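Attaching a single structure in structure tokens format; questions to follow.
A, B, C, D and E are the chain letters, set down in written order, and residue numbers restart from 1 in every chain.
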Amino acid sequence: MILARVIAPVVASEKHGFFEGRKLLLVKELLPGGGLGPRTLVALDGVNSGVGDQVLVAKNGGAVDDVVGLKDCPANVVIVAHVDQVRFAAD
Amino acid sequence: MILARVIAPVVASEKHGFFEGRKLLLVKELLPGGGLGPRTLVALDGVNSGVGDQVLVAKNGGAVDDVVGLKDCPANVVIVAHVDQVRFAAD
Amino acid sequence: MILARVIAPVVASEKHGFFEGRKLLLVKELLPGGGLGPRTLVALDGVNSGVGDQVLVAKNGGAVDDVVGLKDCPANVVIVAHVDQVRFAAD
Amino acid sequence: MILARVIAPVVASEKHGFFEGRKLLLVKELLPGGGLGPRTLVALDGVNSGVGDQVLVAKNGGAVDDVVGLKDCPANVVIVAHVDQVRFAAD
Amino acid sequence: MILARVIAPVVASEKHGFFEGRKLLLVKELLPGGGLGPRTLVALDGVNSGVGDQVLVAKNGGAVDDVVGLKDCPANVVIVAHVDQVRFAAD
């Protein structure tokens, strides 16, 4: 799993039936210092996220199946939590 | 999943029987700014895509199985949607 | 699996039910020389780890399922051991 | 899946029983321009390939299982096709 | 799968029960020219390897399950062969 920030919704017209009515979000990896890394993914929304949110992203098919409640989903990246805070020790 | 652009069809003569009659497409990762990243993959076509299309690519065997409707396919990358638009907030 | 160091707890308010009451930790890859690499992950805690610990991190859904004792967990990174020592040969 | 070129056979004496009598090939990622990228993998031969061949490589355990016709093979990279041509549009 | 060299044993005190009595080895990716790449992994020993050995490393949970003979092992990297030789064509 990685920390990421939601940067934009993704609009898809023609798509596999599974994606009908499901929200897709473009996310960028969030670096420990608070900046954005180069890694960009498209994630299924699992916890009602919006642009700007800090989120926890799981990257495996089983996670998507579990969040969606269906077997063998044709997606492999999903947002599983909103991250409020990463508590760094004073250093 | 990643955003990608279809850049070329891939023609394979000798191949595992699964690939007979199936379209394979070379795709390159699409960066948020619209450029192409260095990452290049060969994807099974799942939504009738062609060269130049902006697509959503899933990378896991389960996604391929689901799109194709068969179990344990010998492929692990598949195009699952056409992406019309990524709506960036004005910033 | 990779060697990593725990660098911070991750606090998530809204989250998939699976994560209720489970500890999430931000870890950074540990390089052979003892420094930290750029790779940062969020891992489920499997062996009661805390900030500063050197740990062994497994990255696959099956590992999480096994550690947690549930099927199809929506997480794919888990800490499976504390690493006391990496014994390099004198060179 | 990725495009790759076969660069050398890999000879292993002591090995897990599954690999007895199976050909292993070192492959390097093939870039769209025809050069070789830095990524190097060892793949199980699935379509009778030899040094110099342009091939399509699948990276997941299910693909290996399917090509070999056995369940839960201890290999996760397999050559699934010979690639004759990648048809780039004139540009 | 990748070619790698075993560089050190990994000693873990507190660990998931699966790892009791199992040998863990730090391995670094072996480049075609014979040097070591930056990629470092911790692998379960599957063929009785030691420091300095050239090995073939599989990265997927199924491979570990098969080598160990158990289902759903909490490990996802395993050494499956000793590599004696990579036969490069004269070039």
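In this section, contacts are C-beta pairs under 8 Å (C-beta built on N, C-alpha and C of every residue); 3 or more make two chains touch, one makes a residue touch a chain.
Bear in mind the structure is a predicted one, so any value in this text is a computation, not a measurement.
Asks: Starting at subunit A, find the fewest moves between touching chains needed to arrive at subunit E.
Replies: Between subunit A and subunit E, the shortest chain-hopping route counts 2.
Asks: Going by the stated contact rule, which chains contact subunit B and subunit E alike?
Replies: D
Asks: So how far apart, in whole Å, are subunit C and subunit D when each is placed at the average of its C-alpha atoms?
Replies: Those two chain centres are 31 Å apart.
Asks: Subunit C to subunit E: how many Å between their CA centres?
Replies: For subunit C versus subunit E, the centre distance works out to 19 Å.
Asks: Which residues of subunit B are in contact with two or more other chains?
Replies: 60-61, 65
Asks: Examine which chains touch each other and state the graph shape they make (line, ring, star, complete, other).
Replies: ring
Asks: Around the ring, starting with subunit B and passing to subunit D, what order do all the chains come in?
Replies: Starting at subunit B and heading to subunit D first, the ring runs B, D, E, C, A.
Asks: Can you list the subunit C residues touching subunit A in their complex?
Replies: That would be residues 7-16, 18-19, 24, 26, 28, 40-43, 51-52, 60-61, 65, 72-77 of subunit C.
Asks: Under the stated contact criterion, what part of subunit D meets subunit B in this complex?
Replies: 1-3, 29, 31-32, 46-48, 56, 58-63, 65-67, 78, 80-89
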